[in-house]
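Written out below as structure tokens is the structure these notes cover.
First chain written, first letter: the chains are A, B and C, and each begins at residue 1.
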Amino acid sequence: MKYVAIIRQVPDGESKIKVEGGQVDLSGTTMILDQMDEYAVEEIIRLKEQHDGEAVVVAFGPERTEEAMRTALAMGADRGVLITAAGYVDPITQAAALAKVLAEEAPDVVFTGGQQADWDSQALGAATAEALGWPVITWTTAFELEDGKAKATHDLDEGAEVVRVELPAVFTAQQGLNEPRYPTLPGIMKAKKKEIKKIDAAELGVGGSKVEIVEQRIMELERKGKVIDGTKEPAAAAAELVKLLHEEAKVL
Amino acid sequence: MVLVVLDHDGSKLRKSALEGVTRGRKLAEVLGGDVVGLLIGPGADAVAEEAKDYVSKVYTVTGADFETYTAEKWAKAAQAAAAAAGAKAVVAPASRTGRSWTPRLAYKLDAALLEDTLDSWAEGDKVFATKYSFLNRVLEKQAAGLPAVISVKPNTTPLAEPAGAGTVEPLSVELGELERKVEVLEKIVESGGKVSLTEADVVVTGGRGMGSAEAFGMIEEFADLLGGAVGATRAVIDAGWRPYSEQIGQTGKTVQPTIYFALALSGAVQHQAGMNKSKVVVAVNKDPDAPIFKESDYGVVGDIHQVLPAMIEEVKKLKSA
Amino acid sequence: MALDFSLTDEQKQLQQLARRFAREQVAPVAKENDEQARVPWELVEQLYEIGLLNISVPEAAGGLGLGLVEEVIIGEELGWADMGFYTIPMASELGITPILLAGSEEQQKRFLGPLTERPSLAAFALSEPGNGSDAAALRTRAVRDGDHYVISGTKMWISNAKEADFNVVFATLNPEMRHKGVIAIVVENDREGVSFNKIHGKMGQRAAPTYEIIYDDVRVPVENLLGDEQSGFKIAMLTLDKTRIPVAAGSVGVARRALDEAAKYALEREAFGRPIADFQAIQFKLANMKIGLETARIYTLYAAWLADRGDPAHISASAVAKAYASEIAFEAANEAIQTLGGYGYVNDFPVEKLLRDVKLNQIYEGTNEIQRIIIARDILRALK
């Protein structure tokens, strides 16, 4: 069997974001493998460890995405395919390009992160599934292979459900699915020798982005920051708080 | 023509449906044509009676095939309705399920997808939207051509008022092979959540400082009192005190309620990503240096086991007054 | 064009891994381990799992065979999170290095191979109750008895001594011969007559275990001798010429943490209606910390680079790096406390621990006074 994780490189959530000329400027920002994609990478490595086969990471993004791909390889994925493109390309257009590569790779199972830490998008997994004519299961918290099909638990708007899915299919991962391993130093050294095939997005004959980012700015929400000391008289503090919420904030 | 896919619970429209109608009307003013609606799944015919007061026509898609949700089926139904209506734009709720089928629809229609939008409008033959990005830390404006699929972030848009009676038209949708590849085996109903977390006006979230799963009884009581939903931090989920579905944060749900209670949680960056757009944030923590106080409008430094019961009493007094 | 300050892609990934591990696993428990003087063995196990323990063990012995540049990269990150914890893997490398320098291939496989097979440590036993800096004056005796040496004496201030598989022990065949009588020998901890006393009441670095070792007529086979009967002192010096570079790296980590904490606090804390970061008195402190940090980091990497190339200039360079980095780090910790004022003086904030921890960096693996003697000797030798 073949398992694919679609990954992305995003800014480390702990690092500051800056905006230059109305666009987010990532120069100097620490970039990491998207934490949501880590669940996807971990899952395909586990599948490979349990059932044999090949674990492949695929990405669409700028050249620097290779760093995140090396991290996935250092965790234990076998090889990578990187579709390179500069600048913002919307997930629907990305999906068309990824589908061309995936159709050729012909995996049985594809995982990707449930939400992207840069564009806050949840679309890539579902759009890629559509481009391939495969089903998608979003927000997967449990996954197992069973008689050539997959059995998965995933979250809905309220509650969750268990589904059986014909393969090949796309799954989006979330916390709870597994506990991603750290890459290891021997893994990092081995990853150096693993293959990363690069394909220019232009060669895949996919059009330009359907969505344009016109302007970006940092959100600063001013908070009031009123703090009441409730260490000595908790009941009085609670009364004051509820009064403030009722009379000043007018939300209760 | 603008198509609005209307979320419902089987007997009435959800709030998000009325937010969608408002967005649809705003787009139709510029793009021209009417606003039409689509109801999918069990109860759609009944809900159509309510829905037809908001749109010129309501398509309904029902039947055995649509008893349970899958992204493939919903996308297929929306595609059929969009074709029937000749819609240039499709508006849908940015709920978890909404965000799982709208990318499929956008791909089918070769349309631009504007996802989880705070606002959206048309100028000429272009559509624009604002949304958050970079873990809710950046506000961005996007532009795209037509056709476009736009998902609406909950609690961002005024609810539409009724505008007179429209018509109802059942639509028959033939499923293909793709739509039959997912079989739902079992539904797992959430425990405490009586109100949908992402749509709730009030969210009460407890952190590790609650101390135990049992202590969340207090949180549930407080949330019920306010008609709100219960949330939890990653640490709480990891400890197994609450289900994943209640997690707020980068790897969980994002909420934007009118009032957010952050109780006995420190306020890590990853948590803030899930709640920092709430209108009013209230924190209770025994550590005066907890980062959450900097992200709060109102805070109480103190022991949650003393402060929260007192808050519950005060709210009860307020309600009975 | 030969000058190039960039890390390789693998080194960058190593840095990212070490940084993440330090931030997610080490830093959150540093305060607790310090307060309870608790050895975080589970972190040693995790360090082993991700391959960051005993990284210098040669490939022939089953290790990664990495150099000091890699160790420096790890050292800064772990030092940032908890200098006390970093001393554990650092002191293990100190125990490995004499075997790298003077051990036969067979000895490397026998002693170092097992260190790659499970979470385990090495240790280095040179100091004694009556001698530290004057290493040639050691009193631990080795007496040849057939195909064994019989070791007796007491070692002091030995990091990891008990947790380690073995200590590389420096003992004298004849105290009269001073450094010419010293041998280096690997003494496994499970030999008869080896006992340990844990040293309590340390000012800082309390996550790192430190011991007195008592060798009571311990019989060790001659196969455990490193080099020959004259080379022990030289092996000790050659070892320290290298291993004081990681001490510098840990110090750089401490300095970076001090700057991080001080800058963060300065932006948040208000006085006279504005953040204290607006005041030049605070800005100068931050700038001085940065000057120390940047120069110490680049010089420490330079010393490691010289050592990895086998350039003898590393002897003086490693002394410069160790003395300088530990001093700027002490100063940075001191200024961070001053920036935080009263908060800096209590352990709710992590800066007072930085000062207590990094004080040891000025003392162990050769005091900074000894480092200056090494540096001065190098200056004068060139002129003679």
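Here is the rule we go by: a residue touches a chain if its C-beta (ideal position, glycine included) is under 8 Å from a C-beta of that chain, and two chains touch if they have at least 3 such contacts.
As the structure is a computational prediction, the values presented were derived from the model and not from experiment.
Chains touching both chain A and chain B: none. Greatest centre-to-centre distance from chain A is found for C, with centres as Cα means. Separation between the centroids of chain A and chain B, computed from CA atoms only, is 20 Å. Centre to centre, using the average C-alpha position, chain A and chain C are separated by 39 Å. Centres computed as Cα averages put chain B at a distance of 54 Å from chain C.
Among the residues of chain A, those in touch with two or more other chains are 14. Shared contact sites, meaning residues of chain B that touch two or more other chains, fall at 294.
Taken in their complex, chain A has these residues touching chain C: 14, 30, 32, 67, 70-71, 74, 182-189, 191-192.
Of all residues in chain B, only 68-72, 75, 95-97, 99-104, 106-108, 111-116, 128, 131-145, 178, 181-190, 193, 196-198, 226, 234, 237, 243-245, 247, 250-252, 254, 258-259, 269-270, 273, 276-277, 279-282, 284, 286, 288, 293-303, 306-308, 310-311, 313-315, 318 touch chain A in the complex they form.
Only residues 11, 13-14, 17, 19, 24, 35-36, 90-92, 95-96, 114-115, 117-127, 129-131, 133-139, 141, 151, 153, 155-166, 169, 172, 174-176, 210-219, 221, 223-231, 234-235, 237-239, 241-246, 249, 251-252 of chain A touch chain B when the two sit together in their complex. Taken together, the chain C residues at the contact with chain A in this complex read 9-10, 12-14, 16-17, 20-21, 23, 49-52, 55, 64, 66.
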